[in-house]
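Shared chain: subunit A. Partners: subunit B in the first complex, subunit C in the second.
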Partner chain A sequence: MTGSRGPALDSRLLLLPALLVFAAFAAALLDLLSWSFHATGRIGAAPSGELGLSVYARVLSDPLYLSALATTLRLSAVATAGSLLLGLPIAFWIVRTPSARMRATLIILVAVPFMTSLIVRLYALLLALGNNGLVNRALQATGVIAENDFIPLIRNETSVAIGLVYFVLPFVVFTLAGSFKRFDRTLEEAAANLGADELVVLFRVTLPLMAPGILAAGTLAFVLAGTAFATPLVLGGSAVRMVANVIYDQALFAQNLPVAAALSAVALAFTIACLWLAGRLGRWGSNA
Partner chain B sequence: MARARLRVAVGLLWLLRIGAFVLLFAPIALVIAMSFGGDAYATFPPRSWSFKWYLNVFRRDEFASSFLTSLTVAALVTPISVGIGTLAAYGLWRRPGATARALESVFMSPVLLPLVVTGLAVLVFVNRVGIGTGIPAIVGAHVAITFPYAFRAVLAALGRYDRRLDEAAASLKVRPFRTFWHVTLPLIRPGIVAGAMFAFVMSFDDFAATIFLIAPDTRTLPIAIYQYMEFNLDPTVSAVSSLLVVLATIGVLVVERVIGVDRFFGIGDSTR
Partner chain C sequence: MSEIVLSLSAVEIRYGASKVVEAASFDVRDGEFVTLLGPSGSGKTSLLRAIAGFVPVAAGEVRLLGHRVNDMPAYERDVGLVFQNYALFPHMTVAENLSFGPRMMKLPTAETATRVDEALQHVRLGAYAGRYPHELSGGQQQRVAIARALAMRSKLLLLDEPMSNLDARLRAEMRVELVALLRGIGATALSVTHNQEEALAMSDRVIVMAEGGIRQIGTPGEIYRFPADAFVAGFIGDANVIEATFAAVDGEATRFTVPWGETVRAAGRAPEEGDALLLLRPESVGVCAPGEAPDVASNRVRGRLVARAYMGAYVEMRAALGGIELVAKVPADHASAHLALGDDIVLHWRPDVVRVIRR
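Let's turn to the complex of A and B:
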């Protein structure tokens, strides 16, 4: 490190700590995944049972696991659509406001919830959506529902969907705003000069130009929601189980490490497949 | 006709903006209001007002001790992740090429992993090598989670760094390490600070990976909050939450002062 050796050797030494961390981590991950090829095993004991793909066959045929997979896909799709719907107008606002102070203020307003501990935000949402929470009190006060009535908004898919939108919204806003920042306004001005009204410009020029950013933000939202753990745990309880929750339960409570490992492989494959598909879509879009 | 359509569209745009900020802030405002409620369980609106839940936060050992655990973990994770990430980014930046690009993907790849998978993999690993759960296991998992972000922040800062400065230093026979320390490091400091802040916050807040690695006497603050709210309905959690909202706000304002929020969150620094 004193620079007395050749620069080539130096550069490789600089990479050594990162390579060691990566190697240890990769070894741990491969070890975990190897459990999915054994029939039985629990934490603290060596994997046992015959080798094979029987665990995968079990995971992909058991209604319990299949329904967790379906719930995960369904809620991730809802969270992606919801967060894009709410995130686009804010991201648009951030990059289009002429005032630097306004831009900083908007970013700070999104950043404060973003930097607040997730568990705190989920607890806050639990208070807002609970049977005696803010939403139900407001509905009672406005006469939408009876005084002693309530709409069940927690421990169901509604609350988890709202929670997932809440969780991924700041990620979506920052990803969108980051990709819109270098956006060239010449085409919009040209379209306007040629007589297109604002809505035509928005839908025919602006949004297509923003498509790569929307695709990136949507992919991130889908992957984050699809692997979410704390949100369904706090807001869904035992009523809504997503894949990450089943992994946790199987590993620590059911002591069924092979199933937890197989579901981990499924979750990892899900993430990689989403990113690969988004990459393909992006390339296809830019060629079209 | 076109005017009316436009008015509807603009109205919808503002409705969505208001909806988004209500979703982001109404729960937080509610939690702060509830933390001053005097009732023993969370009712809205509170029937009386009190500071006693804030006293309870400091009286109950679980929050103070888990806060210290979280602080310890984040204080260990941040320098490790930033150190490893900075060295790796600098090493790759100095020798660009196909190998460097491939290694960049390798170092970024841990971000693909769902946090529960990271937590479970580290749990199986520490059981196998005999370390067991606790602070070392949590620190290890958090380094794996945070170091790609520190690496990327430093790499981005190096992308803005002028290579000719290194050539100038080399032509003056300055040793590479001295060049790094006196020229490169000060210029990429914003990237390093951003990486450090990301690492610290992610480590301090992590729940999904950490829950696999807590020991009976070692748990972090997010876990303690979760466990408390599982069994208690009183507003103590609201008081802890309000304190954490204040901390997050201070953190964001510090980021704005030191780096600028637009650059920190990757929204560009066109105005700076």
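Let's turn to the complex of A and C:
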């Protein structure tokens, strides 16, 4: 009898270290969030000022913070759309190509940047997109723009959007490929056998059944882009400020921990809302 | 003679450089149930997929109702197909699965509804129209797959290993039911299976395939009783295959020299001399103790009983003689079924149960 109970008890005990770590993280996060209910405070000192929601009122009415939130939403949406548009064909090819070499090449192309330091990749991108960088020189050489002229591709939303797509693309491709792999291709043959041409097969069978995977990849892209810190910092500089950058500045430079905490709470709530919505949509999709 | 629904002539299928089907020719007539039977790798599934339009034909011709369809895309070919894994659309109800085909044909809504209802009645699933595939048992899913193909009212129904995903009990049940259903509506069907029992039980005609070629076409009785070669003999049912050499014509029979040094009589005059294979079904071989006299006209040989397996309805006995083994199946209640291992026994069989196959 003890033999059958023993292993279950043991394996549960193995979870304990991880649970302790999670508990520590949760406590730290709750501590940070508790700052948002105080009017003033900075790192190294106890929170002070009266308790209440005054900081939230300030954060959600100040144009500076609202514009950071709007920029974040806008850039996340662009990055999600861009990475899905690029990622769908790549994932499709990785799963469907009959050539093992083609598959390996695509996987390496996606995976190698994934395993390179983000900072290294961002500075490479910064150099390439610069006023005198690879892209502008190529445009000059091909006569698209005049000699000595350049298209401003850094320190603006365009460069941040490109960087965000670059950053989330591997996550999108691997999530999509996993879901495409589980797709039963005989369903496409069945539809063709029943008289559906390629377009009808795509829109009536393939895409509806891949929708949960596309939704999962899109959610991941949106949440990852929305919490990006290094990408807007390096490629956008002071011109493009997303929520994570504003939180960092408020906490470390402005020494305004309550505002940083309130912005963190807003960002966290937003991420949770995204995941919840995706979960709801996924369930609805699987029932329909 | 009834109408030819499907006709293949000298069909060849290649995957890259390798030929998987070669010189396949046969017809399927109106109302027939024909089975492509063969082991895996014999090319039977490739042939079915080529008829459905999923695999290109490298050479030869596929004709449906007289029209060449070699280059017609799958979605324009009017053939129903029941997939091995059923391939039901998981995001559609049973009724939506069934109406998919008629809708693609742009049939009026009323006609579509009639066809869906009728197909569901055929497979006795009228109450399940609103269910999703994952809410059905394996047997019910198979019926839906059959109904979906029937709702197309195609002239030809293709079945890819239709019974392979069912458990043994359901398989035997569905065999009878499917044949009765298809006969009832006068359907023409071409099925693919590796299961010889299923092929024999369900088909009007069986096409035996091996290594990309057709070995024999015939009724189940013909391929069982008169196999064209040693492969067909061994694949369809059990068989003792004995290497033999022509010895002499003996009245209305022929004598062959066999490995244990004696001669065996086979009914009929051998058309040619030389080497041959003798085919002997185990159920045609009798067993008795030495000293008991079987029928005078029978072939008989003495051997040692080396294995015995009780199979319920019969006992399988294996006798060693002159370097080879012969298998006999005797009724379980027969006296000889109780002979002991190691005993000397006598095997006997009539000349007319011996099939002579040219080598």
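To be clear about the criterion, the second predicted complex is superposed on the first by the 268 of 288 C-alpha atoms of A that agree within 3 Å, B and C clash if a C-alpha of one lies under 4 Å from a C-alpha of the other, contacts with A are read in each partner's own complex, and residues count from 1 in each chain.
As a convention for this text, a residue touches a chain if its C-beta (ideal position, glycine included) is under 8 Å from a C-beta of that chain, and two chains touch if they have at least 3 such contacts.
What you are looking at is a predicted structure, and each value in this text was computed from that prediction instead of being measured.
J.: On subunit A, do subunit B and subunit C fit together or clash when superposed?
T.: In the arrangement built by aligning on subunit A, the partners subunit C and subunit B fit side by side.
J.: In the overlay, answer first, second, both or neither for which of subunit B and subunit C A:Ala217 touches.
T.: Neither: A:Ala217 stays clear of subunit B and subunit C.
J.: A:Leu127 in the overlay: touching subunit B, subunit C, both, or neither? Say first, second, both or neither.
T.: Touch status of A:Leu127: first partner only.
J.: Touch check for A:Asp197: first (subunit B), second (subunit C), both, or neither?
T.: In the superposition, A:Asp197 touches subunit B and subunit C alike.
J.: After the superposition on A, what does A:Ala68 contact: first (subunit B), second (subunit C), both or neither?
T.: neither
J.: First (subunit B), second (subunit C), both or neither: which does A:Thr186 touch?
T.: Only subunit C; A:Thr186 stays clear of subunit B.
J.: Roughly what angle, nearest 10 degrees, sits at the C-alpha centre of subunit A between those of subunit B and subunit C?
T.: 80
J.: Please indicate which partner A:Pro208 is in contact with in the superposed arrangement: first for subunit B, second for subunit C, both, or neither.
T.: Second partner only, subunit C.
J.: After the superposition, what is the least C-alpha distance between subunit B and subunit C in whole angstrom?
T.: Least C-alpha distance: 12 Å.
J.: Can you list the residues of subunit A that meet both subunit B and subunit C?
T.: In the superposed arrangement, which is not itself an observed complex, subunit A uses residues 197 for both subunit B and subunit C.
J.: Touching residues of subunit A toward subunit B in the complex: what are they?
T.: It comes out as residues 1-4, 7-8, 10-15, 17-18, 21-22, 24-25, 27-29, 31-32, 35, 43-44, 85-90, 93-95, 100, 103-104, 107-113, 115-121, 123-128, 130, 132-134, 137, 162, 165-166, 169-170, 174, 177-178, 181-182, 197-199, 202, 227, 229-230, 233-234, 244, 247-248, 251-252, 257, 260-261, 264, 267-268, 271-272, 275.
J.: For a test of understanding, state which residues of subunit B touch subunit A in their complex under the given definition.
T.: Those in contact with subunit A are residues 2, 5-6, 9, 13, 16-17, 19-21, 23-28, 30-31, 34, 42-45, 83-85, 87-88, 90-92, 94-95, 103, 106-107, 109-110, 112-117, 120-125, 127-128, 140, 143-144, 147, 151, 175-178, 201, 204-205, 207-208, 211-212, 221-222, 225-226, 229, 237-238, 240-241, 244-245, 248-249, 251-253, 255-256, 260-262, 265-268, 270-271.
J.: Touching residues of subunit C toward subunit A in the complex: what are they?
T.: Touch residues, subunit C against subunit A: 52-54, 73-77, 79-81, 83, 85, 87-91, 100-101, 104-105, 148, 152.
J.: Touching residues of subunit A toward subunit C in the complex: what are they?
T.: 184, 186-187, 189-197, 200, 204-205, 208-209, 288
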